[in-house]
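These are the structures, in structure tokens.
Next come two complexes, and both contain chain A; in the first it sits with chain B, in the second with chain C.
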Partner chain A sequence: MQNNKKQFLTGHEVVVQAALDAGAESMFGYPITPTCEILSGWFESGKKCLQTEDEIAAGFGVCGAVLAGEKSFTASSGPGHILLQDSFSMAEAMRLPVVLIVGQRGGPSSGTVIYSQQEVILACFGGNGEGMRLVYSPSNLSELYLLTRRAFNEAWKYRYPAIVLTDGYTLKIRQNVDFDQFKKIENIPPISLIPENKIVHWPNIYTAEEELNIVLENTKNDFENIAKEIVSFESKEIEDAEILLIAHGIVGAVTKIAVEELRKQNIKVGLFRPITLRPFPKQELDKICGWKKIKKIVVVESSFGQLARIVRDQLAPEIDASFDYLQKPGLGIEPEEVIEFVKNIKI
Partner chain B sequence: MQIKILLSGDGGQGIQTIAEVISRAAFEKGLTVSFIPNYGLEQRGGVSLAFIKIGDQEIVYPKFSNPDILLIMSDQSRQRVLEYISKSKKIIDIKDYNFYLQEKKINSKNYNIFFLGFLTKMLEKEKIYLAEEIFLALEKKLSSKPNWEENKKAFALGLSFNF
Partner chain C sequence: MSENLTTPIGRQAKFCPGCGHPIVLMMLQRILKQHNLEAQAVLGLDIGCSLLAWNYLPINTFQTHHGRVVPTMVGFKRARKNSLAIAYVGDGGAYAIGWQSLFHAALRDEPVLVIVVNNTVYGMTGGQSAPTTLSGQKTPTSPDGFTGNTMYGPEILHQVSNPEAFIARTAVNDPKQMLDFLDKAIKTQQAGHFALIEFLSFCPTNWRTKGIDTVKFLEERLKSVFKVGEIK
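Now for the complex of A and B:
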């Protein structure tokens, strides 16, 4: 596939290709829109594929496969994403390199099968306890490919479970995709997590609270140490910006267009787009907002403020820029709407 | 250059089929294209929409609220796209062509291909395609399936309609 310069692909096809190129050997899944075609596409690839009875079994299937030293993944959405949190918590506890592709749909419950950005908090913090995970938010099909490759690589390199948090629009869209730019990505090979012919006692339950506490502290310290190697973001026009727009995923791409247009109208606006939602590019955002010029932060998203919660939580308390929000839960946002909103802001 | 097309109809009428033909033909021509289907849970009977953008620049966001061309193929879908109607530049509404479809005895199964022919003529006028380019993509998709002759006839009638 990578020999041809441009292909006309859906997001589903991009994910399948990225997983194949990443060296994934198996997928476990239960079909749910908008991720069904990842499962059927993987099945058609001829690789190992198991349609399980539900997402709980799918998630633990992936845990089993990676324990056996095989790159494996699943894909789901909405209510299925909730069920996967059980196995994902175990993956956090045991630091298993499982990979999950989430196609956000509207909620709560079955909601719509189409689109939202309402699974951010679930993807970033959906486990019980306080496990650590990697969460990536692609803004277009090229990034969907790239971040799926990164999810496999970084999950196996750093031994944390990873989620590629995308949405129904990005998965269902069919678009020109250029794979040439990704030829140089190298794969981190899988390793056998349990030595062959050895009996290993590997608990994910502890008798004493002190025992668990040590594991939690170590996991957190490791995560903080690797964060600087993983965090990624895109910024635009921030040098003299007075208004900073923060958005992720496809809304981040839309907001970028709005920034370009607003700049033509001499409005001093910039963009900060987190590409990793966890670890969050906190230091970089603090640095940008710490410049005295930023007077207003506007968080734009297709939810009631899930990204906004993370931003407010992560931003250094001494930063005194005021907040505003453009929120359209379960709905797409067009560049014109962002432009209109920003033009009506009074600083 | 960019053109935005919104196709709407009932599930089962073949909206996604013609959307695929239009966007595939654009891709084969080397244009930048995005096509996003939009429908609910229903396999049949619900409203089916297709948002298509074709141009020579990178396409960032697949949806839009101001189509250059809006196709309406059913009463139900007319209700669904109500908010788009006042913002559309050109509207093709099946209710204005019922007489013609009946006069030419076009089977309702082939209405989508009639309107594909119709759209092709419009897109040719906009200098986006040549009619042969869309026909080639249509042939690739449907020529091995039943009713190809009827579809071919419906396409030709759409293409020759004098609007």
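Now for the complex of A and C:
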């Protein structure tokens, strides 16, 4: 843990510090903008680090280290994130506590190199599986630190792979982070999945459909059971809100500013910001939309509706609020744009 | 006969009759036992026929993805230095889909032992042509005979390997050489270097050979193309 209480750090530095404080021993990574500085920062830390030939090897290297009982992680973005879903699929199947930091960049393809919110579906549901992974979306650097610590702890505690889904803006800005508030976080110790004193024979491919089905049922049941201990969200001004803005990550922070301003203008608007995207704070959102007087739900995001797709999927079908969308794929969103958008809504 | 059909830990063997895999695995077990390394050994499996070894030997074993066993064992070995990390893979997993990782593991002199079982085809999926398929060999994806070049994995890897690495080719009908090479490969990893042994193996199911013809195909065809011995 940092000795100085408050530090003025970049997002990259925050991730490296959080991984160190979480007890990570190694990183495997391949350079890609905007997460290069996490890799170089980890090299500077003096901990074990391997620059691999590609993200495939980085992801499977992390799987191997984790199987040996070591806290390990990787970081990537866009096209690299796609390749990492190969190993992440194995981590999902074998429930390996792999940690991945994603700095979203524009897509599809090589897209742009700094910012978007277009890797939400990939992070939550990438691979040929069922999305049995933990996905956290921080809105500022203090939260980036906290959620990186949580990703390691909850991955090892519950045995699911975890993604901290951030973006290049968040990673490249500097903010004051007060480390005092995180002093009480205790690390979940790693366990040796391939023990040295016992023989393990561990398949991840099954001969019979029924065998796989049992594994999937168990994984899903466990996921639903732990969800209540993991789901996190922020809500603001929801008590009498008629319009509910839903946004995550850095757009969530922007939307919060917009809500504060709109309230000054007596517009009954509130914010729901999911902090965990997997598991999604479904019950909490249902509750707010159900017994509050929400007439309109507006999903604000830097993509063509990736968060909206999850919200619509998760929201209880009997909730009859209508939807509207502010979507700017690959572009940052200013509070003024949100304010303008909301003021033009007719309810 | 029933003895041949069970694995060293008493389970029913899943390999086809006449397959070369059980020979490689039995030799591996013999050498591990001889060196008292069964507890330290960790066997990672590629997908393909290799995956059938998952509950074969009395050592820690897990399956990975097709082409991904080498980077997984690289990660494992880096995390647990006192382990004997073994990546078990077919010729397709090693030289086609997993080649990039295998090449760079050799280039970086990662201290892992890679066992490549070369039967010249993708056995599990029906015998399609592989990088190791011989010129003229008929497979479901080369019905008129294979016309591509045949890949010499160990020879290529030798070009980029550390001089202390051990890279060799042997065949499943030469137990003495198999044991000798496995012994050297284990010592190479213990000295901190990369090791790879390619085992020329039988696949009567996909070669569509019977009895002595299977051995003949290996002896006469494979060995005329793939030179056995240490690659120096």
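We take it that the second predicted complex is superposed on the first by the 342 of 347 C-alpha atoms of A that agree within 3 Å, B and C clash if a C-alpha of one lies under 4 Å from a C-alpha of the other, contacts with A are read in each partner's own complex, and residues count from 1 in each chain.
To be clear about the criterion, contacts are C-beta pairs under 8 Å (C-beta built on N, C-alpha and C of every residue); 3 or more make two chains touch, one makes a residue touch a chain.
Since this is a predicted model, take the numbers as computed values, not measurements.
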item: Clash or fit (per the criteria above) of chain B with chain C on chain A; value: fit
item: Touched partner set for A:64, first chain B, second chain C, both or neither; value: second
item: Which of chain B and chain C A:145 touches, first, second, both or neither; value: neither
item: Following superposition on chain A: angle at chain A, chain B versus chain C, Cα, nearest 10°; value: 110
item: Chain B versus chain C, judged by how many residues of chain A each one touches; value: C
item: Which superposed partner A:113 touches (first chain B, second chain C, both, neither); value: first
item: Which of chain B and chain C A:8 touches, first, second, both or neither; value: first
item: Partner chain in contact with A:174 - chain B first, chain C second, else both or neither; value: first
item: Which superposed partner A:256 touches (first chain B, second chain C, both, neither); value: first
item: Nearest Cα pair across chain B and chain C, whole Å; value: 26
item: Chain A-facing residues of chain B, complex; value: 20, 23-24, 27, 32-38, 40-41, 59-65
item: Partner chain A, residues of chain C touching it in the complex; value: 39-40, 42, 44, 47, 51, 54-55, 58-65, 68, 71-80, 83, 100-101, 103-104
item: Chain A residues within the chain B interface of the complex; value: 8, 33, 112-114, 140, 169, 172-176, 250, 253-254, 256-257, 332, 334-336
item: Contact set on chain A toward chain C in their complex; value: 25-26, 28, 48, 50, 52-54, 56-58, 60-70, 72, 86-87, 89-90, 94, 194-197, 199-205
